[in-house]
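Order of writing sets the labels: A, B, C, D, E and F. Residues in every chain begin at 1.
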Amino acid sequence: MVSMNYYSLVLVVVALVWALAAVAGDPDILGDFIVPAPMVGMPPTNITSDFFTYTDFLAAKEYMPWPPQYFIVIKANMEVFPALNGQSVSYDMLVFPSRYVNPPHTHQRAAELLFVQSGALSVGFVDTAGKLYTQVLVAGDIFVFPKGLVHYQYNQGPNPATAFSAFGSAAPGTVNVPASVFGTGIDDAVLAKSFKTDFWTVQKLKAALTPPPKK
Amino acid sequence: MVSMNYYSLVLVVVALVWALAAVAGDPDILGDFIVPAPMVGMPPTNITSDFFTYTDFLAAKEYMPWPPQYFIVIKANMEVFPALNGQSVSYDMLVFPSRYVNPPHTHQRAAELLFVQSGALSVGFVDTAGKLYTQVLVAGDIFVFPKGLVHYQYNQGPNPATAFSAFGSAAPGTVNVPASVFGTGIDDAVLAKSFKTDFWTVQKLKAALTPPPKK
Amino acid sequence: MVSMNYYSLVLVVVALVWALAAVAGDPDILGDFIVPAPMVGMPPTNITSDFFTYTDFLAAKEYMPWPPQYFIVIKANMEVFPALNGQSVSYDMLVFPSRYVNPPHTHQRAAELLFVQSGALSVGFVDTAGKLYTQVLVAGDIFVFPKGLVHYQYNQGPNPATAFSAFGSAAPGTVNVPASVFGTGIDDAVLAKSFKTDFWTVQKLKAALTPPPKK
Amino acid sequence: MVSMNYYSLVLVVVALVWALAAVAGDPDILGDFIVPAPMVGMPPTNITSDFFTYTDFLAAKEYMPWPPQYFIVIKANMEVFPALNGQSVSYDMLVFPSRYVNPPHTHQRAAELLFVQSGALSVGFVDTAGKLYTQVLVAGDIFVFPKGLVHYQYNQGPNPATAFSAFGSAAPGTVNVPASVFGTGIDDAVLAKSFKTDFWTVQKLKAALTPPPKK
Amino acid sequence: MVSMNYYSLVLVVVALVWALAAVAGDPDILGDFIVPAPMVGMPPTNITSDFFTYTDFLAAKEYMPWPPQYFIVIKANMEVFPALNGQSVSYDMLVFPSRYVNPPHTHQRAAELLFVQSGALSVGFVDTAGKLYTQVLVAGDIFVFPKGLVHYQYNQGPNPATAFSAFGSAAPGTVNVPASVFGTGIDDAVLAKSFKTDFWTVQKLKAALTPPPKK
Amino acid sequence: MVSMNYYSLVLVVVALVWALAAVAGDPDILGDFIVPAPMVGMPPTNITSDFFTYTDFLAAKEYMPWPPQYFIVIKANMEVFPALNGQSVSYDMLVFPSRYVNPPHTHQRAAELLFVQSGALSVGFVDTAGKLYTQVLVAGDIFVFPKGLVHYQYNQGPNPATAFSAFGSAAPGTVNVPASVFGTGIDDAVLAKSFKTDFWTVQKLKAALTPPPKK
């Protein structure tokens, strides 16, 4: 008889499903689409048209205060929209308050194709030779940030800006540079030497960028 | 204690195996070959030479009436021949009665390399610029239908024709155009506008191409 | 001495560049981005921020009559926006007049992630098992059409609709089903047998869907 | 003025075309098919249906003496059938005289899916754990040799055998083991130690397997 | 109630995990790294820095007799260092006694980039056209053995040699040519014909290369 | 007659070769190895064993002052060792002076598998959830930095340290975080907001990290 308890079995299944998702990758799949594995004791996902439909952009727009007070990113990637698994594409909806900067970051698994829907954005990226490319985009413009390079967007003006970004991966991934470097506890000496600065500056930046502990 | 019933567990395992198959894709595998996961309570697949051998073409030929009365496709893909999983190749054996047309279709995941074994076939495909390429093939000829393009084969003559098709995927997939478009219940208005025709013609085509309901 | 004329050399270079584009594919590139090869006697492309910026959506919107009289597709793919080469992503902007249908079609190299910007769209796709999935989308909704499957969009209402579609390829490709099948000169017998109909119906569909000869 | 001579230019173009072919690989292409680059001063390849048709199997069969005196391999890969470039599939037609062995070999870039058309073949492959899988195949049987593993085919019987092999690559590649190891001049000491034998045996094998010098 | 016993469930899970590993391949993963699935009733792998650290090279060096009496290969691939799964890279540490030959072999899934750390090595590989490339390497040299080709290393000198090899796959695979061909029970007739030699020579080579049966 | 001058033709060829290199990517190649295209008027590369051999590590070691005064990286990637093109693997040799930090950086196209040859290194990387993994490595240890994540190495001790890093790409690419962010002229406002600091701090960091103009 199976002597493990129900919790352990769920754990096994969840781990397997997670591992599965992890290995799925963006290569071609061998079927029309990937049906999520059912949970223990649950019926399998009933695949209807709703499985292929994502309504969170709509919901977000309806309940969003205007003008926006915070930077808002609504993602439509495979984590929240499982039908994208294996389809190699995803969206972000970005809402920038006035004067907001989306700080330098990289996406490890995809280029970003940004379309400005309203307002204006100053954008830039740096290639591996250390050359900065900047552009001022207005509503209707499109800009491509090549795969894996550091880039940012800045809403310099007094009005909000909205944009859509498309990615050629269902899970593009994001490495936020300031938070990764100054917000994760990297040793002060490493940072001082890397940024050719003093400990005091490092500690100031860490204080600003380290998230407060969760209670 | 595990309180789920046997059926649920089988369901979980089947779903996982299916998901596994779905994500396997045609990229390089990291072992010599992929051993199918065993079913619950069953011993694992005993991997002998028979696992790598497929005999349905032989069986089909022995029991096939001649001349053939129907179009016959015997597939050797990963669904029926699991050793192909991860090996990126599969076969179809095609037997055409006299005057038979294999209707316009696409394969989403592979080009098709057709070898005419006996008889003759009129074949064609359409590129994305709308150019039709046609050819009359005789026994011994080979023709390649590029990936994802609409193509057909027609046995115009009085004798049967047989052919082998190789695909660069263990699961090439098939989208049958007439059946997909007129046999699945797409709204009459959509079809009438798409084909620039009237409702009467759409309904006539639907009547001819919609499979009868299963009893 | 080289005895070929200038024209021949240009031809060689153009052919090589085209072949290059053709083989580029969507796999990972080995640099930040791909710089287009210069034409004979021309300076190489000067890579500035403008190379990564695409303004045709903006231009199209400014000069577009409203309400639109025709279905308009503005593409931002590698053919018109060369910076996308190697970045595995592209956009389409779609403008639907009232009652317009974008006829059943497939994209060979990518799934389509459609975002409805304004208006409403009835959409559908057919999986390889012949199951139709339909949905009515309103502004703000997102829908994914899986890779390689037949799909359509229909603006049933009295108002225009606009949408953006993202693709996980810089060159997704399009196979228009009605035009490919009835507009390219496929033999009447092939079509009559494929669609299980008579020659008269085939000829009527061909007459409606065959583009007039260019003068 | 261009001071290089005609020969040099041809050399450049040939080298580029070869490099192109070399890098084309089997990943997805970004067009329907790849048109070969034209040679200097030549018109570009005129793409008609014949470009997609390969007739050497047919020709070979017509002129082949029967019963065959030699092992005959007619290849339909991208080297001889350029339309296969980018389509990830190819064929070999194999004709075995009685008692002939196709010696142990590997294909670096593809599994081999062998279909026995006539006669019988004893086949085998060795997995990386050193396990030998053997099978006796009769006409109509299919066998898959997994990617990269050592395998052979042997026509043990008194009659010829014919087979078709499909590969999931337009250029699968072949490493012939006896010829690579004993026919290329590898140092006797290396071979004696590797095969745990004496110099005399190595020299005997080399004498048998080294091709005679070309005159 | 689940009537299968504990052993069967473990079997299922192990099989699934193995299949998972098998299909993971070297394509891009969709997360930072792949966490191994936990065993039944075990807590999931606790991912700390140790998961990304591999110390067997160090351990091997400390306990290795010097000069070495045997050829020693310490592998750092995904089988022994699971963090490499999905990261497409692995190492081998190679220790050659004086006069030792690492016999002709291939890696199915990766090129080998060999760095000689101490001593000297005579190396060689054979391309598919049958051309042998040989080189004498000294400490500090690097040599690349292209993907899938037969190659060997030979320490001709009186002193030990050590080397590191990097592979562009987390599971490059190895096909040892002498052992695969003469140590696995391939029929004498096949080998005699393949190597153009007599049965006596085949049996002598088999006797030398067949591993003794395990007791 | 060709009226372009020699310079233009060289330019065309160089551009094509570069584009070729750019598109080559790390997918499987369709030949044993990729032969570099010859320059105009030059004989094609003579492919001998030297083409597959790289001796710059050896040269560097011989002429390197000891203890090292600067951080030294000797790369063996496809830019300096063209035989690696298409082989999906490369090496870096790293020499750390005492107290040196290799600042936070990412590799866009590969994980890094670091082997410490002598001395000791404190290393760390940050996953996309913002978790820092640190480890102190001694000679003989191996550590893997997953694909695309920010990581650093720090030689905290009084002695030099040497390491080898293997990458699963012939062109892994490097994005140096401090130099990309503070050394390329990104607008002060963008940086101040991104790092939640004041203009004075941004200007101090820029002054330290911006390379002096070339004369």
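By our rule, a contact is a pair of C-beta atoms (placed from the backbone, for glycine too) under 8 Å apart; a residue touches a chain by one contact, two chains touch by 3 or more.
None of these values were measured; they are calculated from a predicted model.
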Chains in simultaneous contact with subunit B and subunit E: A, D
Homomeric contact subunit B-subunit C: same or different residue positions, threshold half: same
Degree value of the rotation bringing subunit B onto subunit D, based on Cα positions, nearest 5: 180
Pair in A-F, B-D or B-E that repeats A-C, with over half of contact pairs matching by residue number: B-D
Most distant chain from subunit F, judged by the mean position of its C-alpha atoms: B
Chain centre separation (subunit A, subunit E; CA means) in Å: 38
Distance from the mean Cα position of subunit F to that of subunit B, given in whole angstrom: 46
Whole-Å gap between the CA centroids of subunit D and subunit E: 26
Subunit B, residues touching no fewer than two other chains: 2-4, 9, 16, 20, 23-29, 32, 109, 128, 134, 147, 149, 169-170, 173
Contact pairs between chains, per stated definition: A-B, A-C, A-E, A-F, B-C, B-D, B-E, C-D, C-F, D-E, D-F, E-F
Complex contacts: residues of subunit A adjacent to subunit F: 99-101, 103-104, 106, 108-109, 122, 124, 126, 128, 130-132, 134, 147-150, 152, 154, 156, 173-187, 189-190, 193-197, 201, 204-205, 208-209, 211
Complex interface listing, subunit B residues touching subunit A: 1-4, 8-9, 11-12, 15-16, 18-27, 78, 109, 169-171, 173
Touching residues (chain side subunit C, partner subunit F) in the complex: 2-6, 9, 13, 16-17, 20, 23-25, 27-32, 34-38, 40-41, 44, 86
Subunit A - residues contacting subunit C, complex: 26, 28-29, 32-33, 48-50, 52-55, 57-58, 61, 76, 81, 83-84, 87-91, 110-113, 115, 117, 125, 127-129, 133-135, 137-147, 149, 164, 166-170
